[in-house]
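Down below are the structures I want you to see.
First subunit A sits with subunit B, and in the next complex the same chain sits with subunit C.
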Partner chain A sequence: MKQRFFGKGLLLVLVSLLMVAALVGTSVADEKVIKIGTLFPLTGPVALAGQRCRAAVETAAEVINNAHPELQVPLAAQEGLLDGYKIVLIHADHQGKPDVAKSEAERLFDQEKVWAIVGSYNSAATKPASFVAELKKQIFMCGCSSSGALTERNFKYFFRMAPTDKTESIEFVHYIEWINETKNAGVKTVGLIYENTEFGKHAAEEGRMAAEAKGFKVVADVAFNPGATNLNSEVQTLKAANPDAVFGACLGGDYTLWVRTMKQMDWLPKVALNYCTGYQDPIIAGQLGEDANYFMGGTGYAPEFAELMPAVAAVEEIYKAKTDPSVPFDSDSIQEAVALFVLAQAIEKAGSLDPTTVAETLHANEWESPLSMGGKVAFAPGGQNIKAMSMLTQLQGGEYKRVFPVDLADTEPVIPMVPWSKR
Partner chain B sequence: MKNRKRSVDFLWLGLLAFLALLPLIPGLLRSSFTQHVAIQILLYASMAQAWNILGGYCGQVSFGHSVFFGIGAYGAGMAVVKYGMIPWPGAFIGAVLAAAVAVVISYPCFKLKGHYFAIATFAIVEIFNRLFMVWYWVGGALGLDYSFTDQGWTHFVWYESKRGYYFGVLLLFLLVFGVVRWIERNRLGFYLRAVREGQETAESLGVNSAKVKLMAMALSAFLAALCGAFFAQYNYRVDPPMVMSLDMSMKFVLITILGGLGTFYGPLLGAALLIPLQEYSRAFLGGIGGGVDLIIFGLLIIIVVVYQPRGIMGIIDGIRVKAKRSKEGGE
Partner chain C sequence: MGTFFQVALDGLFNGLLYAVVAAGLSLIWGVMDVINFAHGEFLMIAMYLSYWLGFIWKIDPLLSSLAGGLFVFLVGALTYKLIISHTIGKSAMSALLATFGLSMLLKNVCLNRFSPNFRLLQGTFLGGKTYNFGGLIVPVPQLAIGLVALLLLTLLYALVKRTRLGWAIQATAMDKEAAELMGINTEKIYLLVFGLGGACVGIAGGLLPSYLAVHPEVGGLFSLIAFVCVAMGGFGSIPGALLASLLIGLVEAFAGFYIAPVFKYVAVFGLYLVVVMVRPRGLFGW
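This part shows the complex of A and B:
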């Protein structure tokens, strides 16, 4: 009897959930709306980053849909787009899997009838999802996926906001040249440590090319599987090669493990430069505490950049309310908000919802983007934002200090990194 | 014996009727998502049935089938991406290679029994995953990405409609299930079941168990690799985590166990339950985040397995027995 009751109860819950979801999905069908799909890893190893990216797009949609005259961002003063159109977001989860990203992109376009997609964080997921968009001649706005290969496909409907691994690699090497010249840092060799994925592998290849092009010798090339529980042998390999500088491409928890393993082995290079998240995540930096200091990396945004990007703070308050635990924008999530702001401006300027017209408009113009470093966005053929900038920061006293390029710096870098024993 | 033969014939005819109706689905259901779900059901049913030859009929539980699936996927992917060819020869070479690799790997592994064999196959997935991650000739961690090409059967790629993929996977389904149907009625099928029930007993009756297990492994790997080739063509991409992962291996095993291990219809029933649940729960609930879809998915598996460890076929058998008893009681 009990078993039968339990079975019926479970069935009722399942049916109710499905009905609620179906109703939510259809309630906006008849309104004047522009449906935009978001496609991020909401579950899986980088779920937290994906959920923050989704919150950033929600923030941008809220600003666009409602009048926010107090905000210094384009379209904030008006309500909606094209005389009354509102943006409605349809969220999807690709779980960090390329095949799921492809099928979810198809579902968003074919079933949900979204007009464009914003996503997808993991470069390996962005590739097949944007392939679907290109086939369907629909716009794909990519915020932060950093693999250079994404914008080397000559796609017409793909647009990426963030700088690529190539841009960051070149910047890393410029920085090393600068500290050698001005600080007598004596950096001659480079080591690479990276997760063995589309992102990590591509970043490492770009890092190697940039370093070797300027005469630096790459003495260690260490790949690891993401989500590793132990990086002892990887760090041991680095320690044995003892490179002067290390370029790291380690996401999330892998970054924490890498730093802690180096501490355990009492080894540090003179300079440690990091691509993308891990280093950029303020929560991770907080968890590492004092150990996070003196590491460096490319940073598109940090709260410490407030004086360079004064418009961000007010928008960030809306974003903070959408994240749990409440966090400020990071370099990745802010790019996803930029993606929707730029798309909205293009729709408004084109005065049309024809994807081809809007894509051509996106290519033909330069866009105001107070949430981007440098304040502008413009696209090259293939969809790369040629105005994308990132700055090198160094964590000092738990804060992201701007150290390079020199004209934007607010702090002198600490070189070499302070050894573990002297902290 | 006479009754048994009649019931087997009936089941086979039922399957044929079901297959005859399947091609009508794309015409009946316009939604590309529903077509996607139907394609996934047939693909995963074929994968599970390929695994069932070894794991179900022969009783050798392998967690390494994603390796063979991956080799097939890379066969097609390499032909298309690396050599600019059509995928067919790549798929065939991949399937033959998968069968060869399966035989080479399983020859020593078959000396292990029960859980030890299963553990060894676990390790094989990790070895191949790492190997392909750093093997740059096959794309390494970056994988192989398809570029735009002509649509149609020659290139086995369709962009605007899923109809071609549907009929493609239906052929694959007919091939895999047809082979298993043939095995079931052939001497090999009896040998496989004999080895499963008791290797020593089977050997005492003259069955060469080592040869039988190797044949089952090779055939199972060959068919799994063909499924992998389809998977690569369908997703326009292949990389090691997509195909050579424990996650993918578990799908081979889970679907078969859920449907009914060592039964002809089990893999189809398992896929018909699990795949729509996975796809629709993700579509409806995935956007909420927090993995609600995955929680429901996991709960259902627990309920089915706890309620009936013999899977859906066990539930059906239970209902059939109950009906028979009540009929006899009525008489």
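This part shows the complex of A and C:
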């Protein structure tokens, strides 16, 4: 008798559980959500940059999902997309490893059922992850990975916001020509130092081509393994070749090690120009203190650009609440926010959640982007943003001063770099 | 010629740093047959301790290194007591996997508590200082670490070879049961050895923020190179670890400068393979 009672009770509990599960399932299915995957290096050597990129995408999602009429960015005034769809972010970590990036992209699409992915900071990780998206005919929005090779694959579902290494290399060479003409800088030779990755190798290749095309001789080509315990041989090689200008592609901790090793070896080129690297990271610049000064690089955003990009400040406040009140957007993280804002505009304009329709809409239109220096975003075949712009800055007194192009400059560059002994 | 000596000097300094990291690992392996996978993370936590002492209380890494040594000695002893002691007498794999788990734990705790930020100490006593001897630049932080490494290795060697405690350590390493029959408390010896291994790497880690950024991943490559030094020098041999570390430092520097910087670790690991093929027990192994 007792057993029969227990059996009936158990059956009742199971039926109740099934009903609750069915109800919950229905409510989730009815909920109007667009799942977007974010894929960044949240751990590993460049985790700091990855976590900031994630926070930037979260910032964009918050602005899109909620009404923020005070913000001067597209879709801020309304709530959600397509009459009530909300963006839900699913975060994944590729640890800076291409193989992990590929498997995480597969997991995001196959198991998490995300509709698109935003990522992935490291070009080496973006390459396989976006390949997965292309195969599945799903959209991949790339904020800041700068390897030009990414947009030379003629992919239809891949879109990149940032300028490429090629654009930056040409800008570096224009700058050198300008300082030779106007400041009598006497720069004739170039050295390259770069991490031995997809990003670094491509940046160096573009740097070499741009420099040689304008008659500059590349006298040092120094690749190194990221995360090295020291960069002594690397800096010794540069010092022995003594190039007038150095193009650098050193991320995160490697950048600090490079700068400090140059200081120890008491050597500097006349000009040190950096791609999308540790140079643009305001925290790293702060940690290096005085030693960071007089280095230069391509910069898509810094707080000092406020007058050029007035819409950023208010959005930046939301971003700071998600990271650290003292950490503003940087050139890389802001591009990831742009990626989601542009994607959201395309979904709204397409009026559809069919990835192919939205991808075609992305290609066919020009998008408002107050968080980009160019103010607009438009894509060439292959997915490169042809409106992407950056300018050259130089760290002076711990601030990113705009120095080139001249019409946007607010400060004269210091050339040559002040020697270590005179700082 | 000046460049040759500069490269050699850089190589020697790197080698001495690897030696002090490898010494503790070698001692632990030699006595206990345990490969401590968390050794690189021991270095990392000492670096964090030194960084925070410097950042908050302006204590120079020169002093913090002592705190680093003491702290990681305690971490090492605790690691033995709480983790390793449970794996003694079981498969060698269980200790290895346990320390691997510990390394993941330490790395992720630091990642969680301190974020992945790269942290650099500014204005340290040693930081940025160099001596210039007719063009030969001697970086003071690396010189200090090199001298400390030599001192520590000498003390460690003397402790093992010249003291009653060292004889007890050697006896335990040779035959645990026989040592116990002779009245040696092998449990205490193991605890001490794990602590001493930690103290060596703790002192080195305490000094490193004078010129190296601290972050949760910083121990990884040091740990890998330390394994190579220990295997190449012969497991358990402190002079072997020193010689192998110096060799690795020099090969790394010369290959990096005279062949190509990207080739330096290829040369290091290539040399390791050659040594292991020719002499599987390492240079000084038994």
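Here is the rule we go by: the second predicted complex is superposed on the first by the 390 of 423 C-alpha atoms of A that agree within 3 Å, B and C clash if a C-alpha of one lies under 4 Å from a C-alpha of the other, contacts with A are read in each partner's own complex, and residues count from 1 in each chain.
Note that in this section a contact is a pair of C-beta atoms (placed from the backbone, for glycine too) under 8 Å apart; a residue touches a chain by one contact, two chains touch by 3 or more.
Treat the numbers as computed from the prediction; the structure is a model and nothing was measured.
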Answer with clash or fit: subunit B and subunit C placed together on subunit A by superposition. clash
Which partner does A:Q264 reach: the first (subunit B), the second (subunit C), both, or neither? second
Would you check which partner chain A:P370 touches, where first means subunit B only, second means subunit C only, and both and neither mean what they say? neither
Please indicate which partner A:G227 is in contact with in the superposed arrangement: first for subunit B, second for subunit C, both, or neither. second
Go through the superposed model and pick first if A:P243 touches only subunit B, second if only subunit C, both, or neither. neither
A:D93 contacts which: subunit B (first), subunit C (second), both, neither? first
After lining up the shared chain so the two structures overlap, which partner does A:P45 touch, if you call subunit B first and subunit C second: first, second, both or neither? second
Counting only touches as set out at the top, which of subunit B and subunit C does A:G148 meet: first, second, both, neither? neither
Check the residue A:G191 against both partner chains and state whether it touches subunit B (first), subunit C (second), both, or neither. neither
Among 40-48, 112-120 or 148-156, subunit B clashes with subunit C only at 112-120
Show me the subunit A residues, by the header's touch rule, that subunit B contacts in one structure and subunit C contacts in the other. 43, 47, 50-51, 196, 223, 225
Over in the complex, which subunit C residues touch subunit A? Could you list them? 3, 6-7, 10, 14, 17, 108, 111, 115-120, 122, 128, 130, 132, 137, 139, 211-213, 215-218, 220-222, 225, 252-253, 255-257, 260-262, 264-265
Could you list, by residue number, the parts of subunit B that touch subunit A in their complex? 31-33, 36, 130, 133-134, 140-143, 145, 147, 159-160, 231, 235-237, 239, 241-242, 279-280, 282-294, 296, 299, 303
Counting only contacts in the complex, subunit A reaches subunit B at residues 10, 14, 17-18, 21-22, 25, 38, 42-43, 47, 50-51, 54, 90-93, 95, 97-100, 102-104, 106-107, 110-111, 124, 127-128, 131, 135, 149, 153, 196-198, 200-202, 223, 225
Touching residues on subunit A, where the partner in the complex is subunit C: 43-48, 50-51, 196, 222-225, 227-234, 236-237, 240, 252-253, 256-257, 260, 263-266, 283-284, 287-289, 291
